[in-house]
Amino acid sequence: MAEIVIDGIRKAFGAVVALERVELRVADGEFLALLGPSGCGKTTLLRVIAGLESQSEGRVLIGGRDVSRLPPRARGLAMVFQNYAVFPHMTVRDNVAFGLRMAGAEAARTDRQVRRASELLHIEPYLDRYPSQLSGGQRQRVAVARALAVEPSVLLMDEPLSNLDALLRLEMRAELKSVLRAAGTTTIYVTHDQTEAMGLADRIAVLQDGRIQQLDRPATIYSHPATRFVGGFVGSPPMNFLELAAAGGAVRLGALTFPAPADGPIVLGLRGEDIEEVTAGAGFPLAVLVVEPMGSHTLVTGQVAGHRMRVVLPSERLPAPGEDIHLRPLPGRLRWMDAASGAAINPPNP
Amino acid sequence: MTLRRGIFLSGVATLCAWTLVPIWLIALGAVGGRAAVDSWPKSFWPGSASFATLGSFLAIDGVWTATLTSLEVAVLCMIFSILLGAPAGYALARYSFRGATAYRLLILLTRAFPVGILALPLTVSFIRLGLYDTPVGVALIHAALALPFAVLVSASLFQGIPRELEEAAWVFGCSRPRAFLRVVVPLALPGIAATAIFAFVISWNEVFAASVLTVRHRTLTAYLLAVLSESPLHVQFAGGLMLIVPSVVFIFLVRKHLFSMWGIANR
Amino acid sequence: MRKTLAPYLLIAPSLLFLAVLFLVPLVQTIRLAFRAGQAWSLGNFARMANDLNFSDAVLNTFRIVLIVVPLQLLLAIGMSLMLRHIRRGRDLVLWIWSIPLGISDLAAGLVWLAILNDRGYLNSALFDLGLISAPHSYLTYETPAALLGAIVLAELWRATAIVLVVLVAGLQLVPKEYAEAASVFGASPWQIFRRVTLPLLRPSIQTALILRTVLAFEMFAIVLALGGRNMPVLVSEAYNWQYANQDYGVAAAYAVVVMLLSLAATLVYLRVLRTPPEQLA
Amino acid sequence: MNRRDFCIRSATAAAGALLGQTALSPAARAADLVWLSTQLRPIEEASKVRQVILKGAPVQPVYVVDEPAPFTVRLEAELKTNHHTTSLIGALHGELQPLAPIGGLAPLDDLAARLKDRGIPDKLMALGRFGTAHQLYIPWMQATYFMAANRKALPYLPAGADINALTYDQLGHWAANIAAKTGRRMLGFPAGPKGLMHRFFEGFLYPSYTGGVVTPFRSPEAAAMWEKFAAMWKSVNPNSTNYNFMQEPLLTGDVWIGFDHVARLLDALTHMPDQFVTFPAPAGPKGRAYMPVIAGLAIPTGAPDPKGAAALIEYLTQPATQITTAREVGFFPVVNAKLPADLSPGLKLAVSAINATQSAHDALPSLLPLGLGAKGGEFDKVFLDTFQLIVLRGGKPAAVLDRQAAVLRKLMVEAAAPCWAPDAPSTGACPVL
């Protein structure tokens, strides 16, 4: 129905390059998250797709149609804004019906689709209120309902949950997922929150400095980061990186020796939970600095071979600061990266 | 603590009286007629309150015409300054473009000049253009006075309307002009109206340019300056009261917007 | 292409308007002031400077500006701080205090004429209180100090509101947290005002001062209403030369002087009261 | 009114005004006959013109007033641009005169012939020809300045002084007497911004002491005169520099003795005729100078409605209209019209003062400034500035007069105005010796 193709999109603001020839293909009905730190270009990319920003080079195709030169209203998409952008001078009903009315839809169809969207988002009780009479969460629902009411083939969402408090965000996340799954809309979702991206998306595109660093399924992004940046950005706690020296095809860490894919300086990436505690002499020692009991697990920050490292231990294990604990990576969980470029060396297992 | 509160409240009351009592006194002078103005010592209450003076003031030839001219000039000034100022304010608020800083500077520069005085050389060109002694001519120079204000205030008003609202309208099928009309205008309207009323007040009160640029079609202020100074005091006071009453009403109308208007016009 | 053109199309009308009604007359005024017949000359300025009222007009203008503007600033700061502590009826008080905003200087002059003329309300009140036995004159050429005081009073009454409004608006932009933080760290109310509120209010004070000073240089109807010819100021002289004497050149010379003074004052304020960019919130 | 209506109306207003007409103000619709006048300018007098004097006129004109300087500029501009809006003008002799040499006044010979039976004195009619063969204006009304005094002041009159033959010295003694005995300064002059103080210097004080105005401006007699006047000013109410009309302070009792134009005294005289006496201005060494004021009616060349204007002139010079004018605004007939015996007591006071002035044995008529055109304002300023420098600021008369004489000389040369009476006639610009 509506596949989105980003074909060599480049965007520069004067001398500042926001997007560097981005190539991206979002399949019909797919939910894609654009993930990255602020300033990485993810919002710019979304706005280029929406037509709110003009690209410097490249094309945007929606459903096979080149929309690069079309104004936003002609692109056949809907959008949820970060601050919701719910019109304060219109009732909730008028807001939700806005897109349909602009498209000149007949009253009956407008009514039907407005009702459906408001049912879906549980805002029927507020339809005749003004946005100022609603809470943040309710306004957010109105914004989503407004987008869904037009039954768009493409839905763009710009950090729609970032202004909600933690609990509400969790609740809305689940709801969004089920609603969108049911609607089957092609969705591009911009966020800087990796848990949101992981939880919602079919695929995640991680952006840094206007480039897509990795585009893959959430699990792959997590387990096999393509770069040191992706590993450090995705996951909580982030992946640990130890800068080590390999010689003769091997790297030594404490009592352990690992086979290294290359000689010379190399970076070892290791997730905090991909580790088990062993007896002294059977692994590498970690000098404990801070212990944070999280309930479901214990987060331990310590020092190893001159590097800071965070590991996850079972919740009943509470080492004391100053103590040494001994650790060994789980088999097959070591990730190697080039010390200079940060790119992963061992190709991800399929 | 209560003593301090008492001192504080009496200070507030004194300042309110400082504003209101003079208006009360000129109102007394205006309704009292010649007898009250000549009397000594004066009473602080209207003894024989009659609106005869005020009425006869309005009946004086020229006053009514001048009042109408004032209204006409002020309305035209309002229209000019909003029609010219609001688009420029929108441009400043929504686009970043080369020359925006220079434009802002020019606007600020006009504030540093006593614009009314610039009416002096305009006499000559206005006579040539047939604008001399017409309400339009005066309204034009008044609009030049009010325009910088209209530009800066409307820029801040438009800035206060989240860009996302407009973008949402575009995404949901509006063209730029339509989005402007459907979303921006309704939201900016109260502020724009306040700005317009302020432009009205600026024009209503301006006396120098209006005096210099007119002979027969005097605005009320210019008329009072030129003609009433040859009149007895009680008529002058009636004229003064006539000038004040609309101001009080206008300030009441825009009181809610006064501060947001100036707040952002600062920068 | 259309996108880059749009802002220019939007500012073009106002730009054209200001060019025609601001820049052109500005240049014309300057030209008029420096011309005598067909030649360039300083004749108008010589005529202006040799006029018996010129030095008085300059002195009076400066006296009025230098007395009125600082007093207004102090009064307005005081009023805006008082407003913060009013619990009930704040809107009413604000409205009352801002009424003079809409009152023209001519009307203000007439108001104070009603109060200060020989048979005015001030003399009546003093008489009722038994302080004087016969009317006292305040507005004659023999009482320049009282006349100056009357003009200052009228200006304070009329134009403090604009300073107040600008400052109140500015205060609204200063979050209360700053003052609260200062008080938590042990600052007295005076110290909070001096060290926190006042510096943060600097942009508003700058705006208010520029606005007020320029307008104070422009004031003349109030002076005319209260003092007649007894207290010439620069703009009233410009008005006289233009209107009574029909000498546009000398009037333009006065206008140039007023403009230079306004511009100089503005530049001084911009320089002295500028907020360093690194201190912007 | 809905918004669209409003927009349409404003747009119409704007368009109308752009075409040189005013949609909202009825003052100047193109079809109306505009009568522009420098006389009867104050709001109350203008109202009387519109509401009383013009009642019964064959044409109802739009009566517009203007101060003398802009009046001249305006008519010259209309002449230059050939864009005429004014059909009838009423102004003083001196204000009409600059329009004659530039062809600004249409000849009124036929009209003058028709008005023969009005009995306008030949001397007055001759003034209206400005020395040409044609009648350029028709005399309209006349007036002068005189003095009024509250009866309370009479007991302080210096011994031996005749109030109808007062000298400036006696006036000074009188005022000083009052000041000494009552502690209040009760002599007043209209020296406010809109007052006619300059006429006092130009038509009364100067000629009385020096026998001229321009030529002897800086003579020793003038210096002595200023010295005396400054001394007299010590007994003058300091509010004088705020007085525009002496009738106001005379009525309130702030001033007991005042000098002004008849029209600006009349209110006091009619309100309290029993309270006041009137008398001619004082005499100086050279005589009892006074300034007769002659106002005339003229039709500008190219006037849109000369017929209507002529009809109005006929109406305004009818004896009945002239008497009404005298009753209402205190300007007196130029035609042969006997003022009726039932004149109000106030008017009678005015008439007696004017008669006493004109018939005084030492009367010295001193004309209004002539031929100055737009420079009239600056001419007045010379005298007001001199007054301010010497009397108000205590400047040395000789030095001030030297300085001001230079200004006056330059002005007379620029205006190329020959002398007028009582200065001796000059060829070319009137010299300042």
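Going by the order they are written in, the chains are A, B, C and D; count residues from 1 in each one.
Just so we're on the same page, contacts are C-beta pairs under 8 Å (C-beta built on N, C-alpha and C of every residue); 3 or more make two chains touch, one makes a residue touch a chain.
Bear in mind the structure is a predicted one, so any value in this text is a computation, not a measurement.
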| item | value |
| --- | --- |
| Fewest hops from subunit A to subunit C - one hop per pair of touching chains | 2 |
| Neighbouring chains common to subunit A and subunit D, by label | B |
| Dominant chain pairing [most C-beta pairs in contact] | B-C |
| Furthest chain, CA centroid comparison against subunit D | A |
| Chain closest to the middle, measuring from C-alpha centroids that were averaged per chain | B |
| Inter-chain centre distance, subunit B versus subunit C - centres from mean C-alpha coordinates, in Å | 16 |
| Centroid spacing, where centroids are CA-atom means, of subunit C and subunit D in whole angstrom | 38 |
| Mean-CA-position distance for subunit B and subunit A (Å) | 54 |
| Shared-contact residues (touching 2 or more other chains) in subunit B | 38, 40, 229, 233 |
| Sequence positions of subunit D contacting 2 or more other chains | 67, 70, 193, 252 |
| Multi-partner residues of subunit A (at least 2 other chains) | none |
| Which pairs of chains touch, using the document's own definition | A-B, B-C, B-D, C-D |
| Contact footprint of subunit B on subunit A as seen in their complex | 50-52, 71-73, 77-79, 81-85, 87-89, 98-99, 102-103, 146, 150, 156 |
| Contacting residues of subunit C [partner subunit B, same complex] | 4, 6-8, 10-11, 13-15, 17-18, 21-22, 24-26, 28-29, 31-32, 79, 82, 85-86, 91, 93-107, 110-115, 117, 119-121, 123-125, 127-128, 135, 157, 165-166, 168-170, 172-173, 203-204, 207, 210-211, 214-215, 217-218, 220-221, 224, 235, 238-239, 242-243, 248, 251-252, 255, 258-259, 262-263, 266 |
| Subunit B contact footprint on subunit D (complex, rising order) | 10, 13-14, 17-18, 20, 22-28, 41-44, 46-47, 50-51, 63-67, 70, 74, 77, 81, 193-194, 244-245, 248, 251-252 |
| Residues on subunit B engaged by subunit C in the complex (per definition of touch) | 8, 11-12, 15-16, 18-20, 22-23, 25-26, 28-29, 37-44, 80, 83-85, 87-88, 90-92, 94-95, 97, 99-100, 103, 106-107, 110-125, 140-141, 143-144, 147, 151, 201, 204-208, 211-212, 221, 224-225, 229, 233, 236-237, 239-240, 243-244, 246-248, 250-252, 255, 258-267 |
| Residue numbers on subunit C that touch subunit D, as the complex places them | 51-53, 118-119, 134, 137, 139-143, 224, 227-230, 243-247 |
